[in-house]
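Let me begin by handing over the structure; questions about it come next.
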Amino acid sequence: MITAGIDIGAATSKAVILNNDTPLCFSIIPTGSSVVKAAAIVIKKALLKAGLSMNDLDYVVSTGYGRKSVSYAKKAMTEIICHASGVNLSMRQARTIIDIGGQDSKVIRLDKDANVINFVMNDKCAAGTGRFLEVMAGALGVEISQMGPLSLLGKHPCQVSSTCTVFAESEMISLRAERKKLEDLLAGIHRALSRRVVIMGKSLGFEKDVVFTGGVAKNVGIKKILEEEIGLEILVPEEPQIIGALGAAILAKTEYCNSSRLNK
Amino acid sequence: MEAVDKLSEHLKTRMADLVKAKSEGNKIIGYTPGGYLPEELVFASGAIPIGLIRGGDHSIVELAGAYICHWMDTFFRAQIGYGVSGQDPYYGIIDFLIIPITDCHVEALSNVLDYNTNLQILPFGVPHMKEKSTLSYYLHGLKRVKAKLEELTGVEINEPRLREAIHLCNRERQLLREISLLRKSEQVPISSLDFVTLNHGSFLADKEFMIKILELARDELREQAASVQKGPRILLTGSTLAMGDSKVLDIVEEFGGVIVIEEFAEGIRPYWKNINLNGELMETLANFYFMERVPPAWFRPGRERHNFLIKLAKEFNVAGVIWYQLMYRESYKIESYYFPSILKRETGLPMLTVESDYDPSETGQIRTRIETFIETIRR
Amino acid sequence: MTVYYDDLFRLCGFEDDEMGKERLRVEKVLTKLELGPAEMRTARDWVRQNHDVSLVGVRKLLGAWLKELIDLVLAKDEGKKVVYFSFPSIQGPGMAIKAADPEGIYCACPDMVLCHTMGQIFNKLIPILEAGEENGLPPGHGLCSLQQIRVGGLAKGIIPMPDLIIGQSYYCDYGAKVDELLHEKYGHPVAYVDGCKDSKWGEYPAYLPERIKFLGEQLNKFFDKVNETLEVEVTSDAWGKAMAASRLLFSGLGRLTQLMTADPMPVSGVETALALNLSAASTGRAMVEGPEAVSILCEEVEKRVESGIGIIKKGAPRILTLFPAISDASLIHMMEEVGLAVSATLLSVPLPKASQRIPYATPTEVRAEAEMRAGLYHSSFAIAKRFEDVAKTLKVDGVIWGYQHSCRPNAAGSHTIKKWVEENTGLPTLSLEMDFFDSRYYSAGALRTRVEAFADMLRARQASAGDRR
């Protein structure tokens, strides 16, 4: 059985192709201004990598902010449910998921059967999301991939507000003009983002194993501060950004089985 | 100022003093600083009142995000942050927290802390209009506070004790008033920063010691020839001026403005009158704290406070008014819309509105506004 | 000869003779509201899209609201003394004033009327909200959308200037402040009814007796002011009539709520939302004709229940909320589309019975005691406890604690109420920041992910409990 999961996020779109329980390949592209175009391109890329065509797909589930615009998907499911499923494939002990994506962040609590038992989400505001880091990277002239490692070198993190990304950006520019060290500024930025997410999730409580997903999970600086603030070790899957799409592909299997049963 | 320095030294060791007092069996009673909890009741029971007035730190406000959404007044989110985190040692040492419930934000604080911490909380209601039935309700609340204090301390709050406590607090009010009124003169002898520091100190310091400090300050001010550098005179008014939130005071001073008088609902201890020791003392207390106090913005109608602000503006001969409020305090937000035209009509004075969420990233905007305003009124 | 608005009005239950009688008034109002042929067509499609117009009861309810709108807009022109109250309001004072002089007085909550008509029927609420934002209640500060509607309505001249405002500040602080803003701007007299919500967390249904006495006294004083300003005397007879009308409506609502708990859920929550606010908004025609429409609706819904007809799958998870979104039906529809049966709102279920014989004799104190039991006047904790009690009684599968972001007393419980309900019922509880009256920033699209994930959670729970009802 070949299934695919498509995650159309506000910043990036992801596709995962699954052969029974084995991920075959994935693709990630910027979503850009057209979710319909992004949905078309991301699956094409993945199929190309896998050497497959659309007809080979038994079932497709879409998720993410643009999930309703994926015409070739048989079903759309929320990213919360898909993340739970995606994490569960390789991390059966996961009980808490922290997902920080391009434009939203969530904390999800699971039971031992990977059922979602509680969740909280921020999508109203860029602070606390990957966008916050992106804007700061621009303000400081730093590569996004360098932000995490550099932030770890900051010995005296600057106090950075995480209430408003736009104002924090101007704050960054003036702090830089005051000749604050880049590493300290970055440490402050990472702290601000992490704290915001931890505070959001605090009302749910964090139970181990805690798994970190989303594009921002690749940032070692954020991971470290999350661990400090929560007081638990944090696990990061090999490809944290595609967990939503992976979960969608896994759920596609169940949907396919259900629908074939119905058809019999 | 020597008085300010001495006060600062005293406050540095205040926690240690309180720990010692507690070990000797004294009770420590915390309260939220809206001017509706008569400290006299606490003193009369032999306990020590501590006003919880710290603010200004955004990282503390952020902590409240785990307990309440952000659409609540900043100062009270800060109190939630302090209450749940243990980062304000005063929260850790108080035996009881008395919360006069004035508006919805204070009510939120009471509920959130009661549900999420082990703090022992006694709320009592402060109605929003000045009339017979509301005064009667407020008095009921004070009686419950009295009963609770007596239960806690084992001391009966009788007339002699209450009388003595009123004398004590009257002395403090008198001194604050004397010092504040010195600023009516053209030569302003004390900066707003220093006055506010003294006023804030009065919430935490030992009362007898505080009175000595104020006497020292008053004497210092009488003797000194030097004064605050001249500049446009300003009335600063608003919702809450917390200890640790001095940015508006600092910025005004930096740009050469002189705040000559402050009027706030919370954070500034009211000092305009003394209690007359006539009649039944509990009724006298209720009448003084509820009826004679110039009310905050959530009282309806708000005319009494507007008239008071106009009176202050005239008597202190100000050139402009700065309205400084914290985010989401809607009573103040709405008033700030129509008060400027009332002010203009009655005094011709301009008003600047400044809002804050204790966020360091606001500083740039606040500086620009204040600098421009001061330049405008300077002309 | 059909006129451009006939279609919509007939769709909203207007009979031929009613159309004939009201023509002049309807045209005056539509002109004032700038609702021309294009707007009528949009409204007609909007109503069809959002409401089950095959139900006569629904059409009559829509019609009742339209009649209220007509009366509201023309009240001053027709020589009435105009009295406004806000939401939430104590059940009674408004009705009693109206009953004291039914011909001479028009009394309503104009913001609510506009929500149900300009919002729910015409989908033209946004310009009114924007006018409110421009006239003292700017965006970004969490200022109550209902108040924005009232201020905007006055600023645009859509609703008449009142002769008296009932400042019911017993629940929140800024209703009263907006009343004051209006007083400063337009000179409207305000009669305040103060409240003091100082109950301690954990203290419900208990309360301090002084709270009753206090509210009772406030109401008495309020009636004195009404007497003085409007030269009307609210007698105990008028008060009695008011309570009777209220009871009639609430018994109908109770029946409807009961029917809504059937499985499958027989009608959409948007229909019950039409009925819920009649007494919160109107003392006039909507309140007079509303109960009859509710009665008709109940009959029709009962037939559906008997035949097992529903708008959602059988066995769908049943949800309790506080209050429905009312000016934008798409919010309720979104919840139903993701498979949730929003079968009850806290404000539509009958009041809990008094736990002991009520010792209060005066009608105002009896009223105050009922308000205390209902919860909103009592405290945030009372809301939490009511959620707990009603969730258990109705045996719902989950609770959506949808709170009004711009209502301070409501939003203050954003986290505490969710936690309390979860801990004391074991039910999944979604804390959902929303706006019941202004969906610009909290649209169906924006809220969908959370609600859908919550629905998935509940279905998974049902499945694992092996519980297919």
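Read from first to last, the chains carry the letters A, B and C; within each, the first residue is number 1.
Basically, a residue touches a chain if its C-beta (ideal position, glycine included) is under 8 Å from a C-beta of that chain, and two chains touch if they have at least 3 such contacts.
In this text, all values refer to a predicted model and were calculated from it rather than measured experimentally.
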item: Closest chain to the centre of mass proxy, which here is the mean CA position; value: C
item: A-C compared against B-C, more contacting pairs; value: B-C
item: Whole-Å separation of chain centres (CA-atom averages), subunit A against subunit B; value: 46
item: Whole-Å gap between the CA centroids of subunit B and subunit C; value: 39
item: Two or more partner chains touched - positions in subunit C; value: 415, 419
item: Residues of subunit A whose C-beta touches two or more other chains; value: 203
item: Of all residues in subunit B, the ones touching two or more other chains; value: 66-67
item: Residues of subunit A defined as touching subunit C within the complex; value: 65, 77-81, 113, 115-121, 123-124, 203
item: Residues of subunit A defined as touching subunit B within the complex; value: 159-164, 167-168, 170-171, 174, 195-196, 199-200, 202-203
item: Parts of subunit B lying in touch with subunit A, wherever the complex brings them together; value: 58-59, 62-63, 65-67, 357, 359-362, 364
item: For the subunit C and subunit B complex, residues of the former touching the latter; value: 136-137, 141-144, 167, 169, 172-174, 176-181, 183-185, 190, 192, 194-202, 208, 210-211, 214, 217-218, 221, 379-381, 403, 405-406, 408-409, 411-416, 419-420, 433
item: List of subunit B residues in touch with subunit C within their complex; value: 66-69, 71-72, 101, 103-105, 107-108, 110-112, 114-116, 121-129, 131, 133-134, 136-137, 140-141, 297-298, 300-302, 327-328, 330-331, 333-335, 337-338, 342
